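Each in structure tokens, the structures are laid out below.
The two complexes that follow have chain A in common; it is paired with chain B in the first and with chain C in the second.
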Partner chain A sequence: MKRYFSRKLLIYILTLILAVTVDWLIPRFMPGNPVQIMIARAGLKAESAKLVYSEYMKAFGLDVPIWQQYINFWIALFHGDFGVSLWLFPRPVLRIIMDAVPYDLLLLVPAILISWFAGNNFGAFAARSKWLDNTISPLGYVLTATPYMWLGILLAWALGIVVHIFPFSGAYSYGLMPSLSWKFIGSLLQHWVLPFMSLFLVMFGGWAIGMRNMIIYELEADYSHYLEALGAPKNLVRRYAFRNAVLPQITGLALQLGVIVAGQLVTEIVFSYPGLGYLILQAIQNHDFFLLQGCFLFIIIGVLIANFAIDVTYVLVDPRTRAGMTGEA
Partner chain B sequence: MQQLKKKNEMLYFAMRNTKLRIGVIIVLIFVILAIIGPYITHYKPRDYVAPGPQPPSSEFWFGTTSFGEDVFSQFVSGLRATFIVGILGGGMGTLIGVLVGFTAGYRGGWLDETLNMLTNIVLVVPSLVVLIIIAAYLEVRGFLFESVFIGCFAWPWVARAIRAQTFSLRTRDFVDLARLSGMKPLKIIITEIAPNMMSYLLLVFILQFGGAILTAATLDFIGLGPTNTVSLGLMMNNAVIYGALLLGMWWWFIPPGLAITIVVGALYITNVGLDEVFNPRLREM
Partner chain C sequence: MGLQVENLTVYYQTLKGNVQALENASFNVADGEIMGLAGESGCGKTTLGHSLVYLNQPMKFIGGRVLLNDQDMPIADMEAMNDFRLKQISIIPQYAMNALNPTRKIGKMTAELLESKKVSFKIIKAELERRLDLVKLPREVLNMYPIELSGGMKQRMVMVLSTLLNPALLIADEITSALDVASQKAVAEMLVEFRDQQCCNSAIVITHDISILYQIADSILIMYAGQLAERASTDAIIHSPRHPYTKMLISSLPKVGVRYEEKKLSGIPGKPPLLLNPPRGCRFKERCPLAFEKCDQVPPFEEIAPGHFVACWKESAKNAQA
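Let's turn to the complex of A and B:
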């Protein structure tokens, strides 16, 4: 188990170092100098532009040798200094991101957990039952093939505009201020329903199909046949099959995290939900590179933490990893 | 003779498999539409053809956008772009995955350790977020660039699966025999190991194809797609930005998403069908 965790941790640390390096490298070595773009947009005269340029270079710490910049970048990170946003000048990037993250979690955590449990149970239910299998499986394939943003657009249009049931823009009514009142929480929940549903439905399809296939595979395994031969009731065999089939689904959750995060970002864009996806869109449209870099790092760190949580769960669920019988999950 | 008979058997099951038939037919319909579509419209995707938003009519099959562009023309050229991204991006992802998987699985040792570490790192990284940050810094983005980069981040699970299979195959007797007879490693991989995985490689490519289409659509929707072509994701992006939802212009945002859903869904169903053809244990009798 120690080896399992140390290996995983090594991978995560290397990933983080790589991500930070990429985050640092890209603005410096991509064609097109962000500072120059900013100055070009200001539309200054040639001489004053030159002056502003050198001033900016100094302000952003770009006038020191390249290796020093890299070290400074790391030092700043450990101080929680992600720079200052250009879009919402002069608010620090970290503060803007911290304001957005709760909305991300509010949407993402329930969507992932509920779709995972519901999808697994439905999939297990559908396996090897002709009628259910013929209805749920095709539905599952269509759902997992749906682009997140399109389902979001459809829901916003159908339930938000054609039939006026749910609001489809923002995280709460624009007339309200965030506070701990029932009115605000009610509004928050109302705005939460549609983005949650579009995330939930797409993921649900994927989990249901995965589980259905795994159950069929497990029911073909020797231990299932042995139990059947002993005369065990069907439900008992299925319960054992389910417990084994859940393990690849946990690994699958870790593998799917990247896709899920991507889906979350575009869903937030569709619903103007004030999470990181919305911030990224604003950052791109306003050429706010500091905010963009900050969002990038935050998402990577979040995904790494989630991966680690899944690893811990896996160890808790699968006794073989605890006994050190399998090195990899 | 034996080989021929086996092929016929595969073909027999392939023709009889309903999932495979449905999937392939749907994909083919869209491929044909993507190929001949641009020739049956009279307009270019970005041309001004008629004033203001118009609902679908006999003149404009899918209606027009707020800017008076023909949605059907945009749709078919977007469909074409979608398939090309799928082939290039999916092909790239499969190719890198196969190369890494074979090398790591066959060579073993420190090379395997290194490649495995690399695979695990790229596996953890959310690829779309990396694509966003790369694309955001480029003022001009090409079509080829997008496809290749999508492939560059999609390969890890392929490499993992291929590595595991190569691992189990390389200790088999026939591989040992080939090695004893002095065959070069590359030739062993190509002539002894790869043929045992051909069916699997086809399945992998189909999944990569579908994945690349979805990733490209997401990237285009954020507004970071190719700057010089129309794509289905960009159509949805424009529809949302220019208020198609509030104006009730359903003909603008429904076709692109629906096409992606149907094509990718059909690919997945094809994949399941093919799996049943190749794997006798999964066949429904």
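Let's turn to the complex of A and C:
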């Protein structure tokens, strides 16, 4: 057990180092100097531009050799310093990300978890009979094949413009400031419904189809047939099949939860929802390399933590993984 | 008493039509008898065995009657059969090695299965442990997952589980096929032991390995292409078979003490017919050296000597003259 987890941990640490390095490389090897772009936008005179340029290069730590930049980057990272944003200068990147993350969590955690539960149960239900399968499964295929943003636009148009039920822009009314009042929370929920629905419906279709296929496979497995041949009631056979069919779905859930921090780029853009996805778009449009790098770093850590959590969960739910731990593997 | 099967006909439904895998089978298995059911691949022996306990799609019940201890078995009704499965009729399936749910401990699975059949696991636990001793499985297996057992252990575990409620009839489908020769013998002997200890009353042992049947079976039923060919005591089948197919089948087996260096083992020339559209009458006629015009009609499965049934026009003609 200990050996298994220490080995896993080592792999995760190596992955982290590699991913962070790539994350650091990307903005540096991208064409264009962010500082220059910033100065050009300010439209300064040549001499003062030169002065500001060298000041800024020093401020962002870009005047030292590249290998030293890399080391400085790691040192700063261990101090929890992600750098300073260019777009929202001089706000620190970490603060900007931290302001955006709650909106991601608010939107994606319920969307993923509820769609997972509902989709799995619905898929298992569809596998019960041919009649249900023929009616429910096509619906699932249509839903899962729908692009998020297209459904988002459709929902915004139908429920926001044609019938004025829900607002479809921002996370709360533009006339309000974030506060812990009922008015603000109510507005938050109102703005939350449409992006939530567009995410929920598409994911729901995917989970339902996945579960339906898995459970049909499990019901055709030898152990299911044996139980039936011994006269076990249907609900016992289904319960076993469900438990085994849900294992791959747990992996899927982990992957989805891991990218939560990435937000849902297109959905958030459609609804101008100020999550991390929206932030990434802004960072790219504004050549804000530090913010982009910070966002990616956040996603990397999120994916790794989620994967580790799922490794642990698997050990708990599937005895076959436990058997592998005693061996050399 | 025992098992009576009358005119049982079971087809497989396919897109191309019905595969006539079991045609008009009638036979009895006496109380306490172990009957071997043999034949080559695709002759319908597994179809016969499975149809008695678990007649699922694409198998389709066409007609016939099955009586177990004078009680009608609703074999065509999947739901109604649930009351009889495990308690009256049980099966050790061909896939015994994969028959246990991989994510449940064996003891827990057994308990859940029994509770779902309204049988108290607590009461039966002592008997379960006794049977584990009988098949030489440690009692700890109940606390293990199926992956922790070897193939042979799983096979024996399934044997114990299938017979736990002392069924009147046990169907053992190819239980020795996946085992090495040493384990084959052990498993075969365990089956006899189970019968002797009243863990099951009578048994049908499905196999293509006649040498195993010679060791354990009281009688043998030979099938060919979905039809019953011959049924007699084990001795009679091995030493004095009457049906041409049985004769050729037995003569193609290697014999103890005979060297086959000079004389090659002879097989049966030809191939069995496709059962999607089988020939009329006796299905063996195309390979049979004795075939004549009358073989275009289905020969009756006739008792030509006490307990010796044969489906062959030649034999029934001899019988009529005698």
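Just a few scattered comments:
What we mean here is this: the second predicted complex is superposed on the first by the 287 of 329 C-alpha atoms of A that agree within 3 Å, B and C clash if a C-alpha of one lies under 4 Å from a C-alpha of the other, contacts with A are read in each partner's own complex, and residues count from 1 in each chain.
In the analysis below, contacts are C-beta pairs under 8 Å (C-beta built on N, C-alpha and C of every residue); 3 or more make two chains touch, one makes a residue touch a chain.
Everything numeric here is computed off the predicted structure, so don't read it as measured data.
When the two structures are aligned on the shared chain, A:157 is found in touch with chain B, with no touch to chain C.
When the two structures are aligned on the shared chain, A:228 is found in touch with chain C, with no touch to chain B. Measured by the number of chain A residues touched, the leading partner among chain B and chain C is B. Using the contact criterion defined above for the overlaid structures, shared-chain residue A:236 touches chain C, although it does not reach chain B. Touched by chain B in one complex and by chain C in the other is not one residue of chain A. On the chain A side of its complex with chain B, the touching residues are 10-12, 14-15, 18-19, 22-23, 26-27, 30-32, 34, 138, 141-142, 144-151, 153-154, 156-157, 160-162, 168, 216, 220, 255, 257-259, 261-263, 265-266, 269-270, 280-281, 283-285, 289, 292-293, 296, 299-300, 303-304, 307. Only residues 117, 120-121, 123-130, 132-134, 136-139, 157, 210, 214-215, 217-218, 221-224, 233, 236, 239-240, 245-246, 248, 250, 253-254, 256-258, 260-265, 267-269, 272, 281-282 of chain B touch chain A when the two sit together in their complex. On the chain A side of its complex with chain C, the touching residues are 221-223, 225-233, 236, 240, 243-244, 247, 317-320, 323.
Those residues of chain C that touch chain A in the complex are listed here as 50, 53-54, 56, 81-87, 90-91, 93, 95, 98-104, 112-113, 116-117, 145, 147-148, 158, 161-162.
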